[in-house]
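In what comes next, chain A is part of two complexes: it sits with chain B in the first one and with chain C in the second one.
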Partner chain A sequence: MSAAAPPFQFPSTYSFPPFFTPQPNSATRTSQLQKWSALVQSWCRHHRTYRLTLSDAIESPLFYNAALRKRLSMKDARDVLDWMTKEEEEGGGGQRAEWLDGSSKNVARIWWKRPEEWAGIVADWVENTGQKNVVLTVYELVEGEGTMSQEWHGMDTDVMLKCLNVLVKRGKAQVFGGDGQEGVKFF
Partner chain B sequence: MATRRGVGIGAFANRNQTTQSYANHGATLRSAHLASLQTQLSVFQSLLHTFAVEHGSKIKSNPTFRAEFARMCNAIGVDPLAGSNVKGKNSRKGAGENASFWTQIMGGDMNDFYFEVAVRVVELCRETRSENGGLIGVEECRKRVGKGKAIGSGLEVTDDDVLRAVQSLGPLGPGLAIIRVGRKQYIRSVPKELNTDQSTVLEVIQVLGYVSVSMLRANLNWEKARAQTVVDDLLADGLVWLDAQGEENEYWSPQNLLDDSG
Partner chain C sequence: MFFKPLDLTTALRPALLPDETLLFVQDAVGLYEGKYKIPNYQNGHAYLTSHRVCYVAVEEPRKYSVGIDLKEVDRAEYQAGFLKSSPKITLYPKPPKGSLSKSKSAGASPSRRQSPSLLAPGPQIQPVSPKVVNATWVCPICSFSNPVPSNFDPSTATASTPIPPCLACGIKPPLATILKAVITATASRDVPSSKTNSTASGLGGSVPINGSVSLPFSDNAQVSCPRCTFVNHPSLTECEICGASLVAPGAWKTTQIDSHRAESPAPVFGHNSIKSTEITDCMKLSFRAGGVQIFLERLKGALIQRKWLLYDAPPVPQQPSQSNSFSSPGLTVTALSEGNVPSPARSPGVGIAGLEQRGLQARKNNELVIGNAFEDLEALMASAKQVMALAASMRDSGMTTGDLSGEANAVLLESAETMGMVTTKDMLGSGAGSLYISELSRNLAEYLTDDRKGLLNKEGGIMSLIDLWAIFNRSRNGVELVSPSDFQKAAELWETLKLPVRLRQFKSGLLVVQRWDWSDEETLRKIQAWMVELREVPPTETVAWDWRIFGRAITAQETAQRFGWSVGIAAEELEMAEDKGVLCREEGIEGLRFWANYLSDTGDLGLSRITLDEVYRYTSTA
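Coming up: the complex of A and B.
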């Protein structure tokens, strides 16, 4: 996160003291989890980050409101992310997060856009810039000058590969190579 | 011989006659009075009609003006809502002589306006039910409807419009109701009665921002058990949120949360 970036605008819920206590009422709890999920996603989006390390984040303004002196405990923050990883059918947050370190549950990928959404955006970009049937390296796609203005610029390569895989499955792209040398061709 | 007071059988007939003529005279007076009132009323209604037609667009576009107009209608017993409610039945037949007052003067736009507001209010109540337990302040509701969800979908309304819209849903059943707690009016979208203690606590929260059991005991002289039961009930209904990170559990009203939901 760069220092020049405008500060993150917290939603009004963030100044609501009970927001930091898990609500005993299940309906209220669901509403609370939705709000946390939205907050985590917009926080990550603002900072253009795709992974959240709980042990670091727990002291950051995201989970610690210094003005109110309220914080989300490690367990509660983990519960929020856990909820985000579940599908909506299971009463979760629609797979907006994904644990990257298995059962220790400390590092999570935050999908503030789902891979399918990214895939759509990338495909549109390819279409609009006339790069169909052109071979690009994944590095170029993520770090190249041509994508400076795109929202995915600077994205982790493995995240991009996941998104491209969606396009591969739809038959709209082909990924080849490996070990950080991946290339992609769009159809 | 017949005296004024009348004795004997004749007196009965006499008295009957007197009563009768009083009654007759009364009836005449009443009908004259009624006729004159009816004339006045019809004159007034036609004036109101002219006024409404003349200022129709302003009534539709300016919320303050609309509220004043509605208030005036109410004051003279022309209920715009009673009008809205019969509209549905008549709309298929076209605007017949039975068409509502509003339909007659505003060509149906006014009803549509309130129905539009009502739809948004219902939507909002449904969306926020898990957050606020089905109790939403009229003021918050108005702000939210005013903002709208998509760009340009904001609807500039007054509290009065919101109340009117909620009332217009009356015939559909008791799904939504207006209740008053302290100085504030709320729209209640779950069928639940608040008891006196619960209303009192919500009122205290309005004033102080939040409550705790010891605050209730100090301010209202309640037993601990009573205070605890009330807040537990409110919590179970989702009407308050718990903050357990202070020295004592604090109970907050979620009414100000609306800004960022959804």
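Coming up: the complex of A and C.
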């Protein structure tokens, strides 16, 4: 998280008071949840957050609009994240979030890019920088100087591993080693 | 007798004339002209009022509705149902005015006098049958049953008419006794007479009209004696037991008409409109769903009461004081010119004192009218017209001088207006629970759409059923109140009866009454227009949101105030709009408020929409 980053631009809906009240009309509710989902994702993306702790975030400007003195309650915020974890087929937000602490539902990973999308970006980077058939450590990939300019720089290692697993499945990479010493070879 | 075109109310009931009252309603009634069914007039409601018999068809009531003035009806006869034939009531027109001196009845319209000669010339005019009164009167002294003399005519009889004395004791009876006897006999002789009637017409033979009638022989037509009910052989003209005449005058007349018809049959009613056509011999009402007995009973009552005469009746004799006040202007002049005329009536003439005097006299007169009216019920009924007129004049004076409160005014107005047009259960046919409901339904629709009261408009075009129930029952002045379940059933019928009001149920179960052309779309449009308006008006205090885009929140109270609805209905309408995706809600410490729906992207509702985030567009997995 870089402190020098420009302040987050909230969408205009953020200052619309009914945005903070769960809507009974199902169609309106769906749009409302979509907007919340988009807001949470863009917020996390702006702040390079991969995991969101609800008990902390509830007091942050994300869920609390100080100007309107409106906030999303813990329950409503959890409903939003819950909706994000579901698949679109189930009427959810397309697995844009994932609970990391099981049933207590406090910490969630926010997939502001899905693992598949990350995998594509990494693969493109490898292609563009001519690093095929080169062995890289995962640490190198995430924290190394060569990836400073890349979006995933500073990503959690386990998130990166998930992305790499997608590539492995596609047959474009091979992951070896373990216990924080993982290496990866791209094809 | 004519089929007259009928004015219908908004609820498709006949519009009543002043002073006219509704007596009875029966559904599933068909019309016949003579013996012929009239097309398109075979399923409708028959309304019996004090002045008319009205028919309103179920299908296309505005097109197929006619009325017949009772004043042109001579008498009504009953014809019992047989196998597939429904019981019928036959109405015979009064004979042409000139042909018999008998019809002396006042209130006959000029049109009636002219009509027979103009429209039915020559042989169409039927000679009126001799009035054979097959009645007996019971002597009040010795209680011997005497026959009423055959030349006795109740319509012309006066105190000077010679009355034969009692055959047993030789004492002359009072005229009233004989009159009563004749009237009861007329009322009760219909059953046998129609029986003989159908027999005769069925054979179609020409029957001599003179006194010694011998009916054609028919093996299944037995004639029961109207006096002792003994069933006689049809060829007998007098009862075997009591000797009473078996042939009712009605039978002669119809027989004669039918024979006449056989020579030149009337045009079959092939054309659709029978309005303003004349009924030459008779018309029939066929009662396919019962109710014939009560209809007949009340019809006869109405024919005897002859309420239409009251319409032209002279006013109640004025008090002598009235003439005093009329002559007062003249007195004023003399008083001014001569100054000291010793006149007892000088004081009422001058200035304010005169006006006061006049007022006093008017009040005294009113007092007298009211006093007379309430002396007993009979008198009240008789002077109902006057009392109504008084109420109306009080109302008018109340409007100008303001000495009556608005509420009392409204009560007076309502009580006067509802007297004529209420449907009560005893007004309706037997076993006609559904008829009561449908009539009540029409009644309610009229009540609601009455322009004079403007009830529905006052409530913003929509009101809850409970409110309506309370107001409606209050207007009935505590009599013939409507039960809630009947009321609801009646309201549910509006849709099927195609009346101009509708019952509507909100999501919460609240039942409301609204005009038929009222629709959710209309309401939504109104609300949206308001929302657009709110976006143009800057809020009074600074707000954290961009009011140019979002406008501001509205509450149910504000909505109620703006559209003239009750708060409950406003809340329901707002929720309806929310349900349709036009509004969305905000729950806060201020309570529930509604906003234009900027959350939803779906649907084109004519509102300016904003997309959430242009930069980080939400990507759905393709």
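We adopt the following convention: the second predicted complex is superposed on the first by the 186 of 187 C-alpha atoms of A that agree within 3 Å, B and C clash if a C-alpha of one lies under 4 Å from a C-alpha of the other, contacts with A are read in each partner's own complex, and residues count from 1 in each chain.
We take it that a residue touches a chain if its C-beta (ideal position, glycine included) is under 8 Å from a C-beta of that chain, and two chains touch if they have at least 3 such contacts.
Every value quoted in this text rests on a predicted model; they were computed, and no experiment measured them.
Participant: Taking chain A as the common reference, can chain B and chain C both be placed on it without clashing, or not? Answer clash or fit.
Facilitator: clash
Participant: A:K35 contacts which: chain B (first), chain C (second), both, neither?
Facilitator: In the superposed model, A:K35 contacts both chain B and chain C.
Participant: Taking the superposition as given, does A:V134 touch the first partner, chain B, the second, chain C, both, or neither?
Facilitator: neither
Participant: Let me test your reading of the model: by the given contact rule, A:G94 touches which partner, first (chain B), second (chain C), both or neither?
Facilitator: In the superposition, A:G94 contacts chain C only.
Participant: In this superposed model, does chain C or chain B come into contact with more residues of chain A?
Facilitator: C
Participant: Determine, under the contact definition given at the top, whether A:R114 touches first (chain B), second (chain C), both, or neither.
Facilitator: A:R114: touches chain C, not chain B.
Participant: Can you give me the overlap between the chain B contact set and the chain C contact set on chain A?
Facilitator: 11-13, 16-21, 23-25, 27-28, 31-32, 35, 38, 70
Participant: Per the contact definition, I'd like the list of chain A residues that touch chain B in the complex.
Facilitator: Of all residues in chain A, those touching chain B are 11-13, 16-21, 23-25, 27-28, 30-32, 35, 38, 70-71.
Participant: Once bound in the complex, which stretches of chain B touch chain A?
Facilitator: Spelled out, the residues of chain B in touch with chain A are 129-131, 133, 210, 235-238, 241-246, 250-252, 254, 256-257, 259-261.
Participant: Contact residues on chain C for chain A in the complex?
Facilitator: Interface residues on chain C, with respect to chain A: 544-546, 549-550, 553, 578-579, 581, 584-588, 593, 595, 597-602, 610, 612-613, 615-618, 620-621.
Participant: Any idea which chain A residues touch chain C in the complex?
Facilitator: 9, 11-13, 15-21, 23-25, 27-28, 31-32, 34-35, 37-39, 41-42, 45, 65, 67-68, 70, 88, 94, 114
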